[in-house]
Amino acid sequence: MEIIYLIFILFLSGAIATFLLGKVSKRLRDIAFITTLVVPSVLFFTQINIGQTVDFSVLGIHLSWGITNFSYIFAYIVLGLGVLAGIYAVAAMKGKENLGFFFFNYILSIMAMMGILFSRDLISFFVFWEIMTWSSYLMVVFTGKDVQKVGIKYFIFSAIGAYAMLMAIVITYSLTGSMMISNLIFAFPDFEFGMQILIPVLLLIGFGVKSAMMPLHVWAVGSYSHSPMAYTAVFSGALSKMGIYGMIIVMAGLVSRIPEGYWFREVIAWMGAITAVGGTLWAVAQDDAKKMLAYSSVAQLGYIIIGIAIGTPLAMLASLFMAILHGMFKGTLFMAVGAIEKQTGTTNFTEVTGLIRKMPFTFLASLMSIIALAGIPPLGGFIGKWMLYESVIGSNHYLLIIVIFFSSTAAFLYCYKFLFGFFLGQEEKEWAHVKEAPAMMVVPMVILAIGTFIFGVFPGLILNPIDAGLQELGYAVTQGRYWEMSVLFNEWGDTVVLQPILYTILAVFVFFLAFVLTKNFKKTRYVSTKDISSSGEIPKEHENLTFSRGFFQPFLRSVEPLMRRKIDPYYNSFGRGMEAIFDFVRRIYTGNGQTYALYVVVFALLLLIFKDRLWG
Amino acid sequence: MKKTIVILLLAAFGYFLAITFLDPDFEKDRNRNGVKNVYLEKTVSELKTANTVTAIVVNFRGFDTLGEVTVLFLAASALGSILFKKRHHVGERSITLPASSIVSTGAKLLFPAIILLGVYVFVHGHLTPGGGFQGGTIIATGFLLMLISYRNFSISHNILSVIESLAGILFVVIGLMGFINGGTFLQNFMPTGTLNNLFSGGIIPIIYILVGFKVATELTGLIYTILHEKG
Amino acid sequence: MNIENIEIIRIGVYATSILLILIGLYAVLTKKSLIKIIIGLSIIDGGIHLLLIGIGYIKNGTAPIFSPGFENASAQMVDPVPQALVLTAIVIGFGVTAVALALIIRLYRHHNTLKIDEIKNLKW
Amino acid sequence: MVGSPVLLIAIPLLAAFLIPLLGIFWKELVRIIPGLVLGYLTILSASLYIDVLNTGTIVETIAGWRAPWGINLVFSPLTGFLATLMTFIGFIIWLYSYRFKRNVEFEAAKKYFIFLMLLVAGSIGIVITGDIFNQFVFIEIVGISAYALTAFYTGRNSAEAAFKYLIMGSLSASALLIAIILIYSQLGTLNMAEIAANIHNMPPQYRVTAMIFFIIGIGVEAEIFPLNGWAPDAYTEAPGPVGSAFAGIVVKAGIYAMVRMMFTLFDISGPMQILIIIGMITLVVAETSALRQVQLKRMLAYSSIGQMGLVLVAFGMGTKAGVFAALFLMLNHAIIKPLLFFSGSYLVFNSKEKNISEMSGLGKLMPFTAAFFALGSFAIVGLPPFAGFWSKLSVLTAAANDGLLLIIAIVLLVSIVEIVYYFRVINRIYFFKFDKATSVVPHKPRVNALIAMAILAILILVIGFYPDSVSEILNRASEDLLNTPDYIKNVLSTGQSLTY
Amino acid sequence: MTYLVLIIGFLLLVLIGAAIYAVYQRDLLYAVIATGIISLVLTALFYILQAPDVALTEAAIGVALTTIIFIITIKNTVRFEDESDKNNQQKPKTE
């Protein structure tokens, strides 16, 4: 039997086995879950060769599965994050109800993502895309909070995206007579003009929804923050990358091959930029860590979209690098929030403070991820941002670079807020009992955090496969031109050597640590963070006066005009309007039998009047 | 207002019907040599049945008739089901039409005659106008007459139901017996006799008698049910 | 009988059938009483049955029944097929009417009215 | 030869006449006999169907008269497919409702099973008959059993629903008769094949008028837009299994009659704008009406109507791909909608208003039923990898091949509406808290009902994961529908050797 | 044979007249009887149009049975179309 089939059968049967074992024994269920994630991953990385394909046909349509260099990049994210977050999930979700269902969906969405990467034809792509959508939907509504609002919103947007994609797929099929992606790419330049515009637009709507591109992002925050954190790590880290994956195929395979492609790129780039700015600003304004991270995810995806839209080899390199890194650090951060939520029961900055000594490993992992997120060397985020800036400037998008700079500066604000709000500050009595999360939760976080560190110093480790993947999409070799294992070049001849930076920073860090250790912590007087009577005011009982409250009030006031325009209300009123119209439509069925009889006569009359034109 | 609109609509509708049916071409282009002539010819030559309508209803389009008795059967059952109530006392009449003694005496006199007429009509269905439906309905009107003239005239529901079922079953069984000798459903398997003889037409009179029984019992049961509806 | 007579009969029968259908439809569409609606339906049925018989009628036709000694009279016979169809249609129509009236009795039991625009609990 | 298609009609009728007799002896027979009959019909029809696929169309003459004179039954790849499907669904419905009113009322249960059996038999009759007047008779059989079943519960509103249905049904029957009159007056025959062979001799103005009256006559059963006012009421008020019989069996027969009439009788080749337009309007109106429903069954009813609209659109394309897609859609709908009705009627079993809002949190209390409902919803909105996806995909590819981009867009938009209302229900079942005050007292399904639902669920999964299991059958059926000359030849050449 | 035309014409006029009367009559009992008259006239017409079988059926079903079940229904429900005059009913409904 083909190993490719075996992987999917293992996933599927494992999912069902996990679900059923959940009814029998909890331990068996957990073991089955981890096994189902690990075994196919091992099989994948050891047994599957690039270029190996399996072919079959369904309903007379030829389908084909196989992995390429390009999709291999994403397989790292999916399986790596999937396994680590899976291990985390076992511990994090312990004691919750209905876990068999949770694990079932978890495995299914991992399977679906692998399926997307394996698909060489549009039908299996769409099938797996939809499996991914509904399994993640079931995760979003898993907690049962706001299901009618958040869950439905997620599914509606996903469905809009998916159906736009489906329309493009069937049009492609009618034009090329084949469902293969390669045939679409091959035949695309010969399509007539309307189709050349329509197909990429429809596909981009589909992928834009999953990657939370700006006007289509409204589902993202609620869904990210409502699903269990163990899953959100995968959701934001890996699942949203599927949108990126598709978008790259569209941009590189289709859009770049038509003359109008330039405008496409500009529009998409600006949408990405708006996404980045908007996501960042809203992230700053949040008081809830989950929501903040969710907005931050949206913003980060915005950067990645910009890179894809710019489309130079360097920009692609940057985007893919950022995509992988984002998967790692955002996964870590969501896991950290999940750990904090599990230990304290809340994720609100204004309530939790001073966990640094209670949860040191979580703090460490968060710190490294935050540094990576902010793009400070020597962690991975720096490489991606550096390359992205360079490519944006290199392609003469000066206005764009200003916007990006603005948003990445603003990103520091929420990074700081995250660290400070949770870990630093006063140690509250309320949280005295808090302990470090179980090892099964901490280890995956730490592994991922160390990963970002390593990739920050030796970016060549992942730039190599990215380069191979990009060559498959038709890009020139970038190795040696833009990067070496641990060195970055730029177009102006500068060189960034990463290892010295590492050593410098390590030295500073060690020095600082030594400083802290020798100097000791001075005993400070305990003052409740919710007590500001020291400044002469009498607090009211119901007011939460934590310092984390209104953290960036002045900044937010200054950018308020930018944030006033929310797109969400428009969607909501549109939805309400449609419902009202539909409600009106159903009044056709008046309930009066006589009216129905009248319809019969009117219908007959209409047909009789138009009887000469009933058929051509 | 509504009436005006409806009248206008109907006028338009009527116009379309009129230009269809009152068109002189409607008669001109008609194909008058459809199945009609074959039916007329075969009725005499092979089925030996005098009444062509009977031959068509029972033999050529016997399947329709089977469906039709099913419709009646369904209607009778449906009536029972629709009007069904838990505490339904059989024999308790909801409607009592005041009947004068003239009516009741007349009914008593007429009843046997009506039954006889009905039986005659369906027995001679293949020879003269009439047949199972007509005879059956005539018998049913006889019972109807009795039911409305005598308030305590009652018929055993079970007997009706048994006769009805048996007639229906025999109809289908006779139809299935067409399969012997490698024939088809409802195919004639009996000697056809001579035209205009009481014993002619093969299975046609048998089936029509069965239909007569079935229709008579079904309609009687139907009226019985609706009469005993307690409002 | 001349040509005109058969034409007159035919047109008269057809026109009457159409009128009956229209009158029945009028009752169905405008009358509030359920019983009137069913009356309308049976008027429509009557019109259609008349139409069918009219279709089968031919000039100087005789009933499609072979009397002894007239076995070859088939050329003059009216079309027996529509008659068979009407026979079936009448019986079916009666069945439907009976069911309809039973429903009316039950509706009256529940709603205590027979006005169709007051019987619309089910809508939208 | 394993049997004769005529048995598909004769046996249920025989059994229907027999049941009142047998009920006198042993009451349980009233329940068992219909099951035996429907089971036998399923086997018979399946074996006949296999026979047909191997050797070609079976044309069964009745009373020994060959085609234009006698009534004939046509058991072709298409009609055989539909008949097998209907008998199978009928059997499943019987299985589901085996214990219906078991310990309550004997008389009512007896009638229920008789009506149900005749509903199935009548629908099969509509499909396999080759004669338009015979089709009319079967439509009436279906109609009266449907009225009776709709008014089955003595609750307040069921008679109202049945009465509306009856008005529409009677009007449509009248229209059908007018159409039959027109055809007969011009062509002198009632046989479909003969009509199809001669239809081009018929003056065009009468042809069109006849077709219009046919559309109105059959449209009520096929639930096309302005004629489907009865449908939501009837689906809502009828007992749950009957709703599934309407959706799974009766509508299919109506659609078949419509399509056979358009494709064969009037021999229209190429795209039929009228079907596409009517189908689109039906689809859009029904699906949008479904969005704001408060009653579960009513929502399912509108959804069913909408699906039938989509089927008509697919048929209207007139290409082989379109017909294939339409048949696929019919197959899937016939499997999925009964599942939804089965599980849905257990979900609202003891509630007062049958409202969706009364179903909060039932997923925990009746896991199997809820899971079946969720599976059915996933399948019917066309989420892969369940059965509904493949049919939706084939509709869309067929439309794309004809360049009907607008239709693709509308169908997909409507699908989103569909998703919204189905997922609202699923959310409520699974992710809401069970509330004793407003929610229903759950009534766990019996074993027979669970088996019935499980069979349908397995079929959904099988078709979903391996759609090629049915594609061959559907291909043959769609070829059969499009091949009018063969139909005429098959029917008219059968029985040449008969002496009669 | 023109008298045949006259008879048919007369019957057709009666038919239409009865139909219109049946529709316009507010007393349902009379309307039903008018419907019975329609059936009766139809019977005659069928007979004249050489359809004795149909005439027999119509006579038995249309004139007798249909009319009587209509009357039973009216007895069970209301007699007048507008229902305002419910005192005319022989039995007030309770349930």
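To keep things simple, chains are lettered A, B, C, D and E as they appear, and every chain counts its residues starting from 1.
By definition in this document, a residue touches a chain if its C-beta (ideal position, glycine included) is under 8 Å from a C-beta of that chain, and two chains touch if they have at least 3 such contacts.
Keep in mind the model is a prediction, meaning the values are calculated, not measured.
Relative to the C-alpha centre of chain C, the farthest chain centre belongs to A. Pairs A-B and A-D differ in how many C-beta pairs touch across them, and the larger number is found at A-D. Nearest to the overall CA centre, using the mean of each chain's CA atoms, is chain D.
Comparing mean CA positions across the assembly, the chain most remote from chain B is A.
Between the CA-based centres of chain A and chain C the separation comes to 69 Å, rounded to the whole angstrom.
Per-chain CA centroids place chain A at a distance of 76 Å from chain E. With centres taken as mean Cα positions, chain E sits 20 Å from chain B.
The centroid of the Cα atoms in chain B and the matching centroid in chain D are 30 Å apart. Counting partner chains per residue, chain A shows two or more touched chains at residues 586, 589-591, 593-594, 597-598, 601-602, 604, 608. For chain C, residues touching at least two other chains, in rising order: 15, 19, 21, 25-26, 28-30, 32, 37, 51, 63-65, 77, 81, 83, 87-88, 91-92, 94-96, 98-99, 101, 103-106, 108-109, 119-122, 124.
Residues of chain E in contact with two or more other chains: 51-54, 57, 61, 65, 69, 72-73, 76-77, 93.
Each chain pair that touches appears in this list: A-B, A-C, A-D, B-C, B-D, B-E, C-D, C-E. Considering their complex, residues 2-3, 6-7, 9-10, 13-14, 17-18, 21-22, 27, 32, 34-37, 39-41, 43-44, 50-53, 56-57, 61, 64-65, 68, 71-72, 74-76, 78-79, 82-83, 127-129, 133, 195-196, 215, 222, 226, 229, 231 of chain B touch chain C. Contact residues on chain C toward chain D in their complex (touch as defined above): 21, 28, 34, 37, 41, 44-45, 48, 51-52, 55, 81-82, 85, 88-89, 92, 95-96, 99-100, 103-104, 106-107, 110-111, 119-122, 124. In the complex of the two chains, the chain B residues touching chain A come out as 6, 9-10, 12-13, 16.
Per the touch definition, chain A reaches chain C in the complex via residues 586-587, 589-594, 597-598, 601. The touching residues of chain B, when paired with chain E in their complex, are 51, 53-54, 94-95, 97, 121, 129-131, 133-134, 137-138, 140-141, 144, 148, 219, 222-223, 226-227, 229, 231.
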